[in-house]
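By written order: A, B, C and D. Residues from 1 in each chain.
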């Protein structure tokens, strides 16, 4: 039996640890072979695969990135279902472990519905997949964002400035919430809870009046209340004029002009998704990897591995791809007590 | 209303974040005052306390250690219950938040039974308190141990040596298990699962034969099967002769002589319990702090805060101090697949 | 005798270590007192000063930022020389240690020429002061930039992307050069050595053709050959139109369109100048601090401390503020061998 | 032309960066080929070598350890000069770059005197080679020791304990001196400057009386004045009885009993010599590598590369192996002002 593994979508610390976990358990317990499918679904559609013996995964638990490469391709490109079946047949691959985010898992679901033997492993740095408590990469992203806040705070305090730190989180604010609490920020702005520019300035002034250099963490997907149409992501605005940078760079000059406090923005961007995973992410990713090969042996096609409490289980891919896990109101309220 | 806070027992990353969380929420939501009780129960028994205004806790989420100091005292020393009551009365302290491990919480339980208003916050780097899923400090300890293993591995591989890394864990092996998986160790030796020297050497040889430099993680409380009486912790052995170092230093020469592979030991010791907490520990500690002041306001005397899944709840201190949380057999077996 | 200390200009890791070094040696060896002048020359012009006893500087060697605050003020504002003399007289300050960059030191020079007792300590993260081999903060900036490159590389490789990393260096490329070598970049673009867009694309393609994800480090002050007028720093361009971001963000789309390789930019910005200093910067800053108090006691007014080889010496402030230390051609050529 | 490279002696961060620097410049500028000689002089004596194309060294600047392996062998074992010549001839190796410490370089010197084409690259974590200002690995060791002191300090302060931190430095105290200053220690004990136990206790008490938790850094080769014969390194003492641990573990109980202050020791050991090199060590090691291949092309047999100020030069191996670089008295005195 030979199992193909692929990583798809954005880079995420822990991808290699999943691969390693699956290969070691598959080799040691089930005696199966592995093929590395290169660059996600591109490699599947083109039959671009390499042998993946145990020797190839050694030492991978602490290596960032993915040795298999990744892309944002669709497996149905270049020939649809027939092509997929042919490529699997030609490469003697009996089943696929697809590691990726919502788009990847949706495609995996479709393939499973089409009779392909596929199980999923969820990957979302933003922690926005409802069907699992956590996924690998999130802890590392929070750690990097927090370390950056620690660092920026000293400069903010030396200059009596306000600092706006933009972190990842297009639809949900888990990273902003956690890094905000851990870094002792004076506000965290989440996509789930739009607040007005005036409210933000109240928080900034409150911290400033206590003698602090205000630190505001903002998720990239946040839009201030009452101005959803005006502030937009990088690119063209509604009025066709070019916008500067992300939400952090948009907020900084507004805060400065409204409060009179010098304000600077920093966008962490790709720094949050690369590099060596935290110990916790390595353990979780490894456990996902060993659980994924179990799921394959149990023929749980169309399912993905998931963390519930301390247990790894499997859930239907359908559940994993339909609902977004938002920050609940009470957690946000609780965090709000620490702000301002 | 004035609430006393104390930290007791061994140092642990996150203590200051608990203090900060409690004081900010108490100040902001409940309008209560705080007293810092110095050096744990010593300060309680001697009435050694300082005012703890909000200003005093600013920036504390990322500071290691405890600003209140700690000790291993017993509150009933120096005058028993009457003295405790008198000190609280003299300092106008209405309730106590006691942050500490098993011994601290047992004393808190006894005080609660004696009518003192006390709630607990569990602190155990080893993660051995059954009544809570996790406590702060554990994630930091695993992170430091893992980082050390990463570092030691390069030397081991350059010299083709076996490296024995001793981590904390007197009664349970959670740190050894997690750091072992995260660091890609070839074996983790836990107090819960004694194995023989011969088994250890089999693992060492297996890794060595695959061309690897064997890395063995061992919890300080591990004793090899069949030799429980012979290898002992630092100090006098059964035969009255002085023993060298911890279990790691005891194992290294035995492994070297039995396998012929040069073997070195490193004991991480206090490095695991000091310094800046991880982002995750800061968040958990902060949540414990805000939950502890809630528990005080709800008069949950004799209870402690605890983490169940993602929720913070309270449990009876009795439950917290009677049962040890060991690594379960199936987790150990699962990890074993990655070893050797 | 009482000596005023001030920090002026941009934040820089090691400022607190200089203050601590000066105060400890002044207290211990010379028995002098210190005043902390707040927010650089603003505090001098306004007489805003605090006592700075030894107790106040304890533990400061590893604390980022400056406990004295900083600003970009001019001491001659608000009343000129007479005001400066009056403020010093009123606060009983006999001499000043001014820690800062070119602007700060120029003002110190002018004050010294006007008869004020002042010695300087050079501060330049960019390492562009000719009169000293190194200053504190530079090593930390290179360390952070290098760590970021390590992190970004894994993402670049997973996605087969080109990554452009913009680091500090307005006039000189020391950070870009060192971080580029340490991070194993495929090119470092320095203000001193303009190269054409075509040359950059040759390097990118060369790395790409060897199967690598090209990593390009660019100093903020770099301008590509033949386009000096077109690419400009953030703000209005020559044509009055708004420009996007820094040089990194300008280069990325050009490289992508010319090479066909997906290219992303990251601007490290303020991350490079805050936070805990490296061990090396702490030692150098501490030595500067103890040397500065020696210079005061030796009445070396109008001079600053400087590092020559392993020796701390003093040089005339005139020399320190007239010449920029650029990266020499041969170092650049030597580094070029590692690129492409 | 084919050049053999070998790494010999203890592991040291930066070894791989030297190898990479030499191979890239050799490949790119001189068009020469490389052989990797495995496990230092063992591989030379046994002819155990592998091809070392440019592709093999990619990404190596930030990888700890040595891809070539290391050992403490002597090239003259197994057949003497004739064997060495034969192995070089059989493997078509024309010259050797030998990277190592005093023993390695002495053997290289002997080979050069015997007509073998060999140049050296100094490697000494302790920074004790007189003929060069610095070598790679030292900065990383100081960084790790300093980070550990930062971490241990919080525990010491929480418990009001004295902490003794043993760092590397068998004959010289450079690491202890620098880490002591950077970490804000209250004393650094160096092999070059023996002080009495009573003096150490004076420093401990002085810091304690100022309300600090005393932190003492001690180099492994330090011996207290008047007790040189009594305290010995790990192993058998003069009286034939087993000794506990290193000098740190020997000092701790003595300090505790003399001062009455609870005292703990931590020995950093191998943690200081493995893992990812600092940015500075990577740059220095890379420059050594490119300079070493230049030295080969210039036929500087019997010489080694060295750092003088900011310049890389070459010096006769004879000079490099005869004199130890000790910490000078004035630096020690200057540091002493910061202690106590």
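In the analysis below, a contact is a pair of C-beta atoms (placed from the backbone, for glycine too) under 8 Å apart; a residue touches a chain by one contact, two chains touch by 3 or more.
Remember, it's a predicted structure, so these values are computed and weren't measured experimentally.
Touch-path distance (fewest steps) from chain A to chain D is 2.
For the pair chain A and chain C, there is no chain touching both partners. The equivalent interface to A-C, defined as the listed pair sharing over half of its contact pairs by residue number with it, is B-D out of B-D, A-B or C-D.
Relative to chain A, the most remote chain by averaged C-alpha coordinates is D.
Mean C-alpha position of chain B lies 41 Å from that of chain C.
One inter-chain figure worth recording: chain C and chain D are separated by 30 Å, centre to centre, where each centre is the mean of the chain's CA atoms.
Centroid to centroid, with C-alpha atoms defining each point, chain B and chain D lie 34 Å apart.
Multi-chain contact residues of chain C, defined as those touching 2 or more other chains: 150, 276.
The chain pairs satisfying the stated touch condition come to A-B, A-C, B-D, C-D. Interface residues of chain C, counted against chain D in their complex, comprise 21, 24-25, 28-29, 55, 58-62, 133, 139, 142-143, 145-147, 150, 178-179, 181-184, 210, 212, 276, 278-280, 282-283, 286-287, 290, 309-310, 334, 337-338.
Residues 7, 10-11, 15, 39, 63-66, 69-71, 144, 148, 150-160, 163, 242, 244-245, 264, 266-267, 269-271, 273-276 of chain B are the ones touching chain D in the complex.
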